[in-house]
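Each of the two complexes below includes subunit A, the first together with subunit B, the second together with subunit C.
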Partner chain A sequence: MAIRTSQDTAVAAGFLSPFMLLFGTFLIFPIFYSFYLSFFGSPTDYSLSNLEFVGLANYKRIIGDFQFWWSLGVTALYGVISIPLGICASLALALLLDNKLFGKSFFRSAFFLPNVLDMLVVGVIWTLIYAPKFGALAQITTWLMGENNFFNTTGLLGSPYTALLAVVIAMVLKGAGFGMVLFLAALQNIPEAVYEAADIDGASEWQKFTKITVPLLRPIIIFMVITGVIGSLNAFTEIYAMTSGGPQVVMGGETVGSTSVAGYYLFKQFDSGNYGYAAAISYMLLIITLGITWLQQRIASRNDAMEAKK
Partner chain B sequence: MSKDMHPGRVFAFMILLAIMITMSYVISGQLFKFGAMVISAFTTGEGAESAMQAGELMHKLTPVHNGLAVIVAIVMTICVVQRFLRTKNEMRGAFLKRMFLYEALAVGVVVVLFPFFWMLCTSFKPSGQELVISKTNPFDIVPSEPTLDNFRRVLKTDAASVAAGALDPIENKKNFGTYFLNSLLVATTAAFLVTLFASMGAYVFSKKELPYKQQMFMLLLATMMIPGMMFMVPQFFMVCKMGLFGTKWAMFLPHLASVFGIFMLKQFMDTIPDSLIEAAQIDGASEWQVFRVVIVPLALPIILTLFLLTFLFHWSNFLWQLIVTNFENPLSITLPVGLALFRGQYTSELGLIMSASCFSIVPIAVLFLFAQRYFIEGMTQGAVKE
Partner chain C sequence: MKERNLIIIAVIAYLALVFVGWDDSIATSPDGRTILTFWHTYNDQEEVILREIIKKWETGNPKFTIRPVRIPFDGHKPKLRTALTVGQGPDMARVDWSFVCELARKNAVVDLGTLGFETIRAQYLPAAIGSCNVGGKFYGLPDQSNCVAMFYNRQMFRDAGLLPATAGDSAEAGEFENVLPKTWEEFIEFGKKLTDESKGQYAFAMLNTLWWNLTFLNTYGARIVSEDGTKCLIDSDAAVGAVEMMASLFAKHKIEAGAWRPGAITPEQGFVNGKYAMIMMGPWNLAKFKNAKMDFGVGLIPAGPAGTSTNVGGTDVVIFKGSKYAEACYSFLTFFTNAENQVRWCTALNQLPINLGAYDLVKFEDQHLMTFMEQMKHAGPNPVVKDFGLLEDLVNPEIEAVLSGQKNAKEALGSAAKKVQERLLDS
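After this line comes the complex of A and B, so read on.
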């Protein structure tokens, strides 16, 4: 019997080893390797060898790097705008679809379709829609309001005040179908009897929505917040495609990009050959992510405790 | 009858009906015109004169596509009015609500899908005429003088490129056909390897005994919380140190360990009864045979889902492919990277950029049409589990 068990273990290990080998090499090892790299300098000639050991210099530089902290602020703003907007858009679509409708699956698929399309291409298309003079939006507003309108002269992406919002709108429209499917599944799981009971108690439509529907959708909302936070920290392609971090603004004596999110700033540092510094930045971002995750779980568990008390 | 008529309700119905007629006419008109445009573009040749010919052909087809749009609008109007009249008076409020619902949904679909329709239309516009829109109706975005020249130019099969290609074949191969094949190769290989390793791994996590199995699984799940951006620098160094920079392997190797895939497959394999495996073992099946004959066929829908999702991920894995591409070897460029490069070169040539975009968008949209269930269920799987 003992032989049989050890043979089983060997078989199991054999089946699992290709995956674990890749996992260890490309997901676990880099966490440590990145830490190691963050103590090295940044060669000016893009060479990967002969990196100079600089100790904690990269971390000291981060603390004084206004651009880095600014990009974190932009990331936070990006999340603060895009997460609620995304949740509202998906929920609105789900509520519209949560009826007995002819052609429901058509609508569901049509809304979901942009989710599977390439982010870069979607970003490029939206850039051209927003573009002043020849973009689709500029053409329509010119027809409606004459040539001297904001959409035709500057364009939404040309002004530091609207650029981030314009990116968010494009991304919300691309991603709304995803949340919609999640909300729709959850909505259909709410038993009709709950609403009927509320009707008997004389609840208004709004009360039913805020007191029954929203609390029952809470797990989906939490999920969307968590993925939204990770998405904001990961945001790169949409910024690269649509704004390249611009338009530039001067803040406290430094020129910063009004849509330069953390992911984009990290790429910029990496792209200009500051490998050690980029590694240090990714480590800082990792720590921040873990902090946020920890905070979210605290809040979620505290809310659960409060629910339980009621 | 007239006594029961609610004037407010009739008025609301009139407004909703007017909106419906306008929308159905404009939308179906654009779609039919798009069909006519594709036909005219494909039946004519290259160059500005052919675009004129295609324009004439389209002009001849105008009664057809306009007529079809009018028919659609009329048929819909008749159906809706008939339904409204037949509906009992007390049900008419609900009827109007449903009508509003459909119209709101239709507006939503138009807003969400407009960018892609615009992309398709612009890609057929002759060079230099992307800016020309109908002065009377800015919602008429389908070109009236269509041409396939943009596609010829991004594929480098137009006369000028072919002539240049005779002198410099490499230059001629730097086209979106090549990029498309590269992307296809990278995404298919990656998807195949990911599904193979993930299903083998998930089998162990679901059905086999192994010391520290639970701890390993928790470790896997923990890494899902880390944004992928954080791995960029170390993974790039590793790939370079392995001497893989610029190769196709580099484009997907670091992303082969799909934790999401393991998670998804394990969830499914947990529902396969152990008795099936035992039955196969009693019949004398080897371990590999159990996996291949029992597990894989039963988990095939979910494996297929993972395959499609992984394919999609690598199809649009722009950032990673950008940094590991060796630009001295332009024939190894993949679609997203190619598009980013291309856009830098032809900033204002909308038609060219849009037709290049089609190479990435259209195949995936078609794939989605045929396998939408797998895509939607697969992508939303992890979330619905609490």
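After this line comes the complex of A and C, so read on.
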């Protein structure tokens, strides 16, 4: 029996080895190598073999780097706006399509479709929609409000006060289809009997939604919050495609990008060849992501325990 | 079972064969000639002429053969950086002008002075060769050069009464001298006549990146860094004047469309769509505008206190230190850019020559190109810094803050100068 088990293990390891090789080369190794790089300065030539060891200097530099903390603030704002909006949009779509509607299958596919498209493509399409003077939004608002309206003169992406919101709207609508599918699956798993019991107790539609539907959808909501936080901290492509970190805004005398999220700032550092500093920033972001995820799970499990006590 | 074993043995044998036989350092062609690899970013038409010139050079150099490898222009820098990092760079490459300084500072390219470049240096256009000059040494040769000039929509000029209604569709020689404004003051006056906000029509549209802004800055005689590359001069009075004038086009005179804002319609798109009457553009878009059946002309950039001027763009060719055959590479690149081959190249491809010997021999049927040749004579030098991308990252946001009215030019350029000095020149 023991021989059989070890043979099975060997066979399993053999089958797993191609994946493990790729996983190790392209994920595990870069993770550890970038940690190693974060203790080195920028290369003086193109070789990575003679980098200067700088110890914790890159991490110390982060502490005094206003642009980094600003980008983290923008990231937080991006998450604070996009996560609730994303959940609401997904839930609204799911509730709408959970009914007996004409053409339900078509709308399910249609709402899911943007999620399949590449982020860059979606970003470029929305840039054209938002474009002042010639964009679709400018054309509609001009028809409704005349030439001299904000969407036509400046455009949502042209003002530092609306650009982030514009990116959020585009991304929420892109991602809502995915959340919708999750919510739909969860909604269809709620037994009809629960609603019937509530009907007998004389519960209103709103009470049924807040006291039955939302609590039973909690695992999906928590999942969406966690993936939303990770998504916000990793946000890059949408910013690259739509705003390149701009428009600029002056804060305390310092000129900073109003949509310069941490992922984009990290990219700029890497693009400039500051590999060590970029690696240190990525580890800082990793620590923050892990911290927030841990906190979320603590809160969720505490809430679960409280619910169980009830 | 036997069959399965045979398959496994065959796969292992194949992999072993590939592993043993793999050799990425094949340096000779089947006929025994040494291969020199040339990474370039030319398009289809350019590659045809390149291969023709390579063939001519190989006739006189039978020991070598050149292998041209095309890489996309967008992304050629990271591709080369990666190749050099892993020691797999080519023998020579065509790179953007702004990349030469970085390559030289990172000790990746050959100082052409060691190969006798001093004797032929005077052949090259001074504005174009300037980007190869790093600390007094030349690390590349220009192979293509361009600049921007002022494109104008002749129909919009006619509609505004700035061009006779009877003026023909084709640009006539010397037309720019009579039609376009000669100074920035005149430009603003023209702009007011060409702008009609109710129709979404603007006299002018501009981008906000340092390279494009050099055109404005050069007409004011402003310099970004000192000649020796040690001091940032972007906060000079001349630069402040130039940026104030730029900002006034949008905020005060309202003749600029705000095309520099994120998400806005670019100057190129708006010009093609007949929404922007004038844009700064290079010769690379002449064919595109002609294909779009546009009725346009090209004129000199309006003069500032330092006269008319422009920026310098284009590409250079460099030889990498990893090459064992630097002399052969140098022989090819000087042959490729000599006057005779430049005449062939520029005439066939409608491009501006970089070899002064070819300047008088190239005659373009397209008058627009003659305007570019005239404009090129007034080009100002580009700032040669080890990381032009970083220079743009530090300066562009500050100029945007001026354009959007959040900072005044003196304050913004003072802040930009401080950052450039600390993070680029002193580091």
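Just so it is clear, the second predicted complex is superposed on the first by the 294 of 310 C-alpha atoms of A that agree within 3 Å, B and C clash if a C-alpha of one lies under 4 Å from a C-alpha of the other, contacts with A are read in each partner's own complex, and residues count from 1 in each chain.
Following the convention adopted for this analysis, a contact is a pair of C-beta atoms (placed from the backbone, for glycine too) under 8 Å apart; a residue touches a chain by one contact, two chains touch by 3 or more.
All values derive from a computational prediction rather than experimental measurement.
> Overlaying the two complexes on subunit A, which is it for subunit B and subunit C: clash or fit?
In the superposition, subunit B runs into subunit C.
> Could you look at A:101 and tell me whether it touches subunit B, subunit C, both or neither (first, second, both, neither)?
First partner only, subunit B.
> Is A:154 touching anything from subunit B or subunit C once the two structures are fitted on A? First, second, both or neither.
second
> When the two structures are overlaid on chain A, which partner does A:130 contact: first (subunit B), second (subunit C), both, or neither?
second
> Once the structures are superposed on A, label A:273 by its partner contacts, choosing first (subunit B), second (subunit C), both or neither.
It touches subunit C, and subunit B stays clear.
> When the two structures are overlaid on chain A, which partner does A:263 contact: first (subunit B), second (subunit C), both, or neither?
first
> Looking at the overlay, does A:247 come into contact with subunit B only (first), subunit C only (second), both, or neither?
second
> Using the superposition described at the top, determine whether subunit B or subunit C touches more residues of subunit A.
In the superposed model, B touches more residues of subunit A.
> A:236 contacts which: subunit B (first), subunit C (second), both, neither?
A:236 sits against subunit B, while subunit C stays out of touch.
> If the shared chain A is used to align the two complexes, which stretch of subunit C, 39-47, 381-389 or 417-425, clashes with subunit B?
Residues of subunit C that run into subunit B: 39-47.
> Do subunit B and subunit C touch any of the same residues on subunit A, and if so, which?
On subunit A, the overlap between the subunit B and subunit C contacts is residues 48, 133-134, 271.
> For the complex, which residues does subunit C have touching subunit A?
78, 81, 84-85, 87, 106-108, 197-198, 200, 257-258, 261-265, 270, 273, 275, 387, 389-390, 393, 397-398, 400-401, 404, 406-407, 412, 415
> Name, in rising order, each residue of subunit B that touches subunit A in their complex.
Residue positions touching the partner: 98, 101-102, 104-105, 108-109, 111-113, 115-116, 118-119, 122, 130-131, 133, 135, 138-139, 141, 197-198, 200-201, 203-205, 208-211, 216, 219-220, 223, 225-238, 240-241, 253-257, 259, 262, 287, 291, 312, 315-316, 318-319, 323, 335-336, 339-340, 343, 348, 350, 353-354, 357, 360-361, 364-365, 368-369, 372, 375-376, 379-380, 383-384, 386.
> In the complex, go through subunit A and note every residue touching subunit B.
5, 8-9, 11-13, 15-16, 18-20, 22-23, 25-31, 33-34, 37, 48, 93, 96-97, 99, 101, 107-122, 124-126, 128-129, 133-134, 136, 139-140, 143, 173, 176-178, 181-182, 185-186, 219-220, 223, 227, 230, 233-234, 236-237, 240-241, 263, 266-267, 270-271, 275, 278-279, 282-283, 285-286, 289-290, 293
> For the complex, give me every residue of subunit A touching subunit C.
43-48, 127, 130-135, 147, 153-158, 160, 163, 166, 242-244, 246-250, 253, 255-257, 268, 271-273
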